[in-house]
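After the structure tokens below, expect a handful of questions from me.
The first chain written gets the first letter, and so on, giving A, B, C, D and E; residue counts start at 1 in each chain.
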Amino acid sequence: MPTHNDLIAVAPEIILTVAAGVLLLIEAFLPRVRRYASELSALVVLTAAYARIRLDLPGDVWGGMLHIDRVASFVDLYILAAVFLSVWMAGAFLRRSDADHGEFYSLLLLAAVGAMVMASSVDALTLFLGLELLSIPLYALNAFLRRVPISVEAGLKYFIVGAFASAFLVYGFALLYGEAATTNLVTMGARVVEAGGLSPLAAIGVAMVIGGLAFKLALFPVHGWAPDVYQGGPTPVTAFLSVVPKGAALVALLRIVDGMDLLRLSHEWVVAASVVAVASMTLGNVVAIVQRDIKRMLAYSGIAHMGYAMLAIIVAGAEGGAAVLVYLAAYTLMNIGAFAAVALFSESESEPHPISDLAGQGWRRPIVALALTICLFSLAGVPPFFGFTGKFVVFRAAVNGGFVWLAVIGVANSLISAFYYLRVVYVMYMQPEPRRAPAFGRAFSISWVAALSAVGVVVLGLFPTPVLTAAQAAILNLVR
Amino acid sequence: MNAIPYTWVLALSAMLFSIGTVGVLLRRNAIAIFLSLEIMLNSANLAFVAFAYRFAAEPGLDGAALAGQLFVFFVIGVAAAEAAVGLALFIALHRLKESIDVDRANILRW
Amino acid sequence: MVTYVFLVAAAVAVLFSVFAIALRSPVLNVLSLVVVFFAMAAIFALLGMDFLAAIQIIVYSGAILVLFLFVIMLLNIRSVERLGSGRALQAGLGALTAIGLGIAIVAAVSTLSPAPGADLPGSAAGGTVVLIGRALLGSHLFAFEFITLVLVAAIVSAVYLARRESR
Amino acid sequence: MLNDHLLSLVTLGPAAFALLLALLPARHPRVHRWSALLASLVVFALSCLIWVRFDPNHPGFQLEPPRVDWIPQFGISYHLGVDGISLLLVLLTTLLIPIVILASWTSIDEHVKGFHICLLLLTTGMIGAFVALDLFLFYVFWELMLIPMYFIIGVWGGQRRIYAAVKFVLFTMVGSLLMLVAILYLGWFHHQQTGVWSYGYLDFTSSAPLLEMAGLWSPQALVFLAFGLAFAIKVPMFPFHTWLPDAHVEAPTGGSIILAGVLLKLGTYGFLRFNRALLPDAWDFFVPAILVLAVIGILYGAWVALVQPDIKKLVAYSSVSHLGFVMLGLAAGTVASTQGAILQMVNHGLSTGALFLLVGVIYERRHTRLIAEYGGIAGVVPVYTGVFLLVTLSSIGLPGLNGFVGEFLILAGAWSGHPWAVVGAGLGIIFGAVYMLWMFQRVFWNPLDNEENKDLRDMNPRELLAMVPILVLIVWIGVYPTTFLAPMEAAVRALLVP
Amino acid sequence: MLGSLWLIPILCLAGAVVNLGLGLLRARKPLVNLVGVGSVGAATVATFIALWQYLHQPQTELIETYFTWIAAGRFLVDASFQLDPLSAVMIAFVTFVGFLIHLYSVGYMHGESDAGYARYFAYLNLFMFSMLVLVLGSNLPVLFVGWEGVGLCSYLLIGYYYEQEWCATAGKKAFIVNRIGDFGFLLAIFACFAVFGTTEFRGMFEQLVHDPVGLSTSATLIGLLLFVGAIGKSAQIPLYVWLPDAMAGPTPVSALIHAATMVTAGVYMVARCNAFYLTSHTAMLVVGIIGASTALFAATIGLAQNDIKKVLAYSTVSQLGYMFLAAGVGAFVAAIFHVVTHAFFKACLFLGSGSVIHACDGEQDMRRMGGLRTVMPITYWTFVAATLAIAGIPIFAGFVSKDEILAKVFEAGAADLNHFGRIYNVLWLVAVVGAFLTAFYMFRAVYMTFHGTFRGSEEARSHLHESPWTMTLPLAILGVLSIIGGVLIGFPGHLFDRPGLNAIDGFLHPVIAEIGTVDHGHEAAHAVTLEAEWLLLVASVLVALAGWLVARRFYTASDAPSLPERLGRRFPFAHKALMNKYWVDELYDGLVVRPIYRLCMFCWQVIDVVIIDTLFVNGAAFVTELTGDFLRFLQTGNVRNYALSVALGILVLAVVLW
């Protein structure tokens, strides 16, 4: 029977799950309340976050399947923050897109539960299940605008590549299970370390598992889906998709890489991971330059950003781990802010979002434009924004770990990235509004999300200590 | 009685995995791709089963052996869930395009 | 004896899985896959995993594949493309990759000693069902509960996606 | 009490004012102009107070606000301090801001609020970079300047403003990002040596052992290059200078003044403060290279300036030449040349700032900066001509005006160690006169043959008011530079002779 | 006044500042006169008070330090003035001649607009200020302040008629050529700092006197660098090209700056720094050679000029050459003496020419003058007096000083000074030829301008008039000084065995450093006997007379104009070369100006625009973008490709990790 601790530990997940169910019921039976689904879900998310903050973090629960500690708490909170911002902007968005269905919130909340479980899993099984709970709603959410071809196409692509990748993940787990005779990740790591190296079986297993997780991160070479899906999916989903799965997957990846101590165990891993990191950064940034659609551009930028995060994964350990967490937090805030702004600066979901449409909006919509600007500068890694803090800790970890050259490549890539982030900014502020300006909607809630994210980016950029402290304290529970 | 070496099972699993992968990569029909995916999942199951079968023979690893079997159980469950969503997606796609040829889903590119 | 049964089942599985991916008729694909799943169930049983063999047949053959058939009928898909049609590079590279993966796994497996396995200890009386049942409500309770969420999510998704627009 | 927070007030004050400005409605540009002017004057007044409270005999950092842990995990703290080297540059910055606001009074008529917010934020960045005593903090301030300047050029600039703005940012970032890695590396090294995380400037100067220096590929040399590239681009040294003409030409008058007056100084300041002080071995190693680049810069800037058809571009290239002198002074490394270099930073800020202001004055009237469009306007706008002449003379280093003192000290200080560099730089003085006077002739002298110039308005009181402080200082520094040389002597001595 | 020498230049500066203000306020001319002339007048009075006090002082050298100007590191430069015999002589004649020229300008410039008039006087006052600072400065940097200051004023005044492009260009040319010289000067200052640790004259000279052998190399370097400065300022070969062009300024400016004062600054400076030249034989020799060549070279050009001011300009260049020649043989006193007398007669000549030009309504071509002697007698007689002086006709001012120079040069040759006797012999010969040419072209000018008949238009003839008193008074004063000035202050007493009568020699003697190493070969005093000196004197008089007579033959005889023309046809190349001033300007244009311009264009258009910006900067951006444009097509939009890359990636990773 589940103990008190077991239940306490997953209380936020329970809250979200129940809410998801309730929202479904409301959708079916209470059409009046339906309008407030967005606000309700936001409230629920806050409640869950509150629960996560107030309740104990008991550590191993559910027979060692989950490990609810400060890492879990850290990741959960940022997942919840992302979900909060996503659902908050979804209301207005869905109404505008004529797809105001309550399932959206249920699915989003369930996906969040999946991500949270994935991030706190210490067992391959729950990790896999969490990943699936995260993925399955997202398949549907990407195709949520059922009548919009690009949305359905996005859902389909995400589904096919996603299912393919999770097949690899499962197979990888099978091999690792065969190697280590356990599905517990910690034990698995310990066995690999004991063995003093990767056996062929373990090597294939690790490759498959990492490949499966890397899919979520959209790292090169498993990044292909990202631009298409980002561009096609509904913007709040894109915002969610661009941060939540990545967070959960990064933590899982960190758990595995660090648990197996791949940094020391396998030189090949370091080389391969470096290549992946560098290729992701470079490809993402270089191709982002030539994009004309802002969502697609942000997708490529996301690929590049995961390349940066990969640097920290390579370094691993307390330093790299903390860097991953901080980077995640930063990435989440600025990315959601950017997507919120993009959601505002769009005429219709079925249309592309050309950057040129933003011309002159800097002065027409000062607050949103400023928020977008701040988020973009933050993404470019310009101080004093939070994104800079993220890059700083990542590069710092790389330098301290002896990977100075990786840091140099990283900064070179930051430079390339500045090029296209700046373009959006100059289009907004420095190009005149076209005679026939696109008719952008005005959604209060979405503006708020953008503004809130931007404020967060600034405040946390100026005072990153709480996040750093939390990340550093948290990571001690995770790393070896 | 049980004299089958578990590596044989693993070899079979590898072959099925390979065949499944070929199917995913070489078919254009979404349903066929999905069928291939199921083969891949099943090959994973087979691998789990093979190891579980082996661990059952090792002293002290019966817990691990059970865990493997359980994993298979859950994978089957997940496969069912994926099937539901996937097929629904195909229906939605078909509704829009009158086709489930994935090569024709290429509005989004470059 | 057991070995022969296994080999036959394995051969059937491989053969029919090739059919499943190579035949042009979707219905035949699905039916081939049913055969594959049956063969696999047989292997499960051979290896002493009676419970898994059962649900393999019930869930896969009975539920999932029926669903496939249902959709194929619904969408009225008759005959589709040959295996590997489309771009040659994709086909060639895809086949090579897939075979490479298979070879890699086989090569890795070949480093292991081909020891035989055994039935799960303690499964003698009621088969593995008891053990699995206990585990599902014990050590794996969370996963067991959790997969319901996965299924719920899948159902909600599927219902939403497949539903005709009401408005 | 005030001493404790004076520096913080001056540094962060402008940003606070910018926030206040952001809260005011955008509808009334006059309100923004006046408030920004008032704010900048307050900041200037406060910085004068720094000057008063500054003890010139003390070589170290002064008026440090209480050190506050900022990111204690990494040993990063909010730590400011001013010494003789940064004192003048801070004052220069705070002086130029009100002038910039006055100069932009009518020329900026769109998005007035945004302009002043950018300007004030920029001020914080610039002052902060001068007074930061933590490498991380320095970097933050350094990059903080980027965004407002990007907007100032890009939004209020000329025809090719976007190209110029992007070029400015990308050039700057090329250097600064590598500098970030270098800072990280220094921090790591400090930790290796002492077991303590710190990016504090003083921790790197005081007793810390130096990075290994053995040839080009040793750590200290590479860190030097990383810092050096950032600063060389900012200075700008040949061949990293091509962003400057574009940025200068496209920026609005105020932006050009800031750019030339202060931003470029951050490059030379950085060389002195970081490359020279923190990496002395590598500095010695690279001195010949710096000298060569400095002399090339002096001559090259002058040569290219000579053939510019656009006044602003000419002045921009003249900056390359002038900053070459500063680099020469720094590279020569004697007390005199270094003091001269610092003074020359101020001088260049004043003269070139004034030149840009003056170009802006005429641009506002005629909307062209092409030299060929003018000619013979001396009689039409006598006051303007006089002021322009004085500034021109200051720029070409006429003795008795400020430019001479700086160049003189630089060259005199460099002579004993590097006579050939001085000879090269001396040729630059000749060319300096050539391009400035030729431009002066073609604009103010020669026949008045363009109808449109016949009824140009002379400078108005506002424009004169903006110029007066600069003119006063041009003469003051020229005649009695001791006022400005004395406070920096102790600090320079301490830096050069540790 | 002693103790507040600063007052002298400051008065002028104040005048300049006030006049600038008046110019902006467009004040009336009388007020400007009051300020402009008044301030210089006051300065002149102050100067003479100071000098009077100084002469009644026991010490010979007086240094007033006002404040520390530049102090950094080892460098200390005081803002300080020095009054010693040399600067005393200089300030005396600078203020005096300057005052006269101010006065003259009142008449000459009365046609200008009010604003222009004030501007003119402001510049003129500023010039006085600079010149006084130059002369009074007690160290090289302070001297340099004045040095560049006079350059600036020269620039402004030459470009006074700025709306005429050639005037503006001439002004610019003057400044830039001066800058080239200043470059050497600056390097000399740095070298002084490096060698002596100070640039105070007294300090440097003490060290030189103390250790002339050890410092001789440094002295050579510094001496030559200083001389580069002097070459620029005093218009010697090869930097003389600005001075003829400088005639673009108003004529009083030419008189004041380009004849009497500024251009002699180089001579003054060399004399001031005599210790260097006395220490360094090489430097001294170079000074002499450059001086002599310039003297001859400019004189030859002067032969063929038709512009009256150009003639005077080249004569100035030539005379400056004599001064340097004097310095080049160590006769610094003679050099300064010639500076003073030259100031008298050359100012007189220029002002006279100004008066002529004024009368001819701006006409400067002598071919359209003639016969003016009757119309403007005062101008004529003063002009003749000055011409006699410059030609070296006995008792006139120029004779005394020039003859002293020639004598010293001969003496140097005879005494084998510093073992360069042969060279000095040649220099003497050159100088004598120069003297002949000087007499010739000056009288040519006189004859062409004042004798014969008026060759201008009828309309111009009706305008001819004598100038107002403000112009003729200075002319008269200067004319008188041209006659007696030389004998008055520098009577060649030694010829009559009464060296004490040579006031300036005695007065300036303390300024000349006592350097032990100067090798006079034979005892200088006895190298040339008194008889020989007399002989030389007679010879030089004969030379001068010959020049005069030839000019007379050429330009007043019945076949006047045809004789030189025939000569020109006989030697067409020589004539062309002289007419075109040896094509030096063209040469510089082709060898220096154009190549530099092309270099500049190359730097800009090729290095900056093409190589750095296009190739590297935009090229990098372009390549990045191109790569992006290429890589984006990897993103085919085909989901199976994505799946393939997943599988392939995992396979590769597995193989790597194996």
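The rule is short, and it goes like this: a contact is a pair of C-beta atoms (placed from the backbone, for glycine too) under 8 Å apart; a residue touches a chain by one contact, two chains touch by 3 or more.
What you see is a predicted model, and the numbers here were worked out from it, not measured in a lab.
Novice: Starting from the defined contact criterion, work out which chains touch chain A and chain B both, please.
Specialist: Common neighbours, chain A/chain B: C, E.
Novice: Which other chains touch chain B while also touching chain C?
Specialist: Touching chain B and chain C alike, sorted by label: A, E.
Novice: Which integer distance in Å separates the CA centroid of chain B from that of chain D?
Specialist: 65
Novice: Based only on mean CA positions, could you tell me how far chain D sits from chain E in angstrom?
Specialist: So the centre of chain D lies 38 Å away from the centre of chain E.
Novice: Just the number, please: Cα centre separation of chain B and chain E in whole Å.
Specialist: Roughly 99 Å, centre to centre.
Novice: If you average the Cα atoms of chain A and of chain E to get two centres, how far apart are those centres in Å?
Specialist: 78
Novice: Among the residues of chain D, which are close enough to touch at least two other chains?
Specialist: 170
Novice: Residues of chain E that contact two or more other chains, please.
Specialist: 621, 632, 635, 637-641, 643-644, 647-648, 650-651, 654
Novice: If you look at chain B, which of its residues touch at least two other chains?
Specialist: Within chain B, the residues that touch at least two other chains are 10, 13, 17, 20-21, 24-25, 28, 33-34, 45, 50, 54-55, 67, 70, 74, 78, 81-82, 85, 88-90, 92, 102-103, 105-109.
Novice: With touch defined as at the top, which chains are paired up in contact here?
Specialist: Touch list across chains, by label: A-B, A-C, A-D, A-E, B-C, B-E, C-E, D-E.
Novice: If we count contacts the way the header does, which residues on chain C are in touch with chain B in the complex?
Specialist: Per the stated touch rule, the residues are 2-3, 6, 10, 13-14, 17-18, 20-21, 26, 29-30, 33, 36-37, 40, 43-44, 46-49, 51-52, 55-56, 59-60, 63-64, 67-68, 71-72, 74-75, 77, 80-81, 83-86, 90-91, 94-95, 97-99, 101-103, 105-106, 109-110, 112-122, 128, 131-132, 135-136, 140, 143, 147, 150-151, 153-155, 157-162.
Novice: Which part of chain B faces chain C closely enough to touch in the complex?
Specialist: Checking each residue of chain B against chain C gives 1-23, 25-29, 31-32, 34-36, 38-39, 42, 45-46, 49-50, 52-57, 62, 65-67, 69-70, 72-74, 76-85, 87-92, 94, 100-101, 103.
Novice: Chain E touches which residues of chain A in the complex?
Specialist: Touching chain E from chain A are residues 156-157, 160-161, 164-165, 168, 198, 200, 203-204, 206-208, 210-211, 214-215, 220-222, 224-225, 227-228, 266, 268-269, 271-272, 283, 286-291, 416, 419.
Novice: Would you mind writing out the residues of chain A in touch with chain B in their complex?
Specialist: Listed in rising order, the residues of chain A that touch chain B are 124-125, 128-129, 132, 136, 139-140, 143, 146-147, 149-150, 152-157, 159-160, 163-164, 167-168, 170-171, 173-175, 177-178, 181-183, 227-229, 231-232.
Novice: What residues of chain E sit close enough to touch chain C in their complex?
Specialist: 638, 640-641, 644, 647-648, 650-651, 654-655
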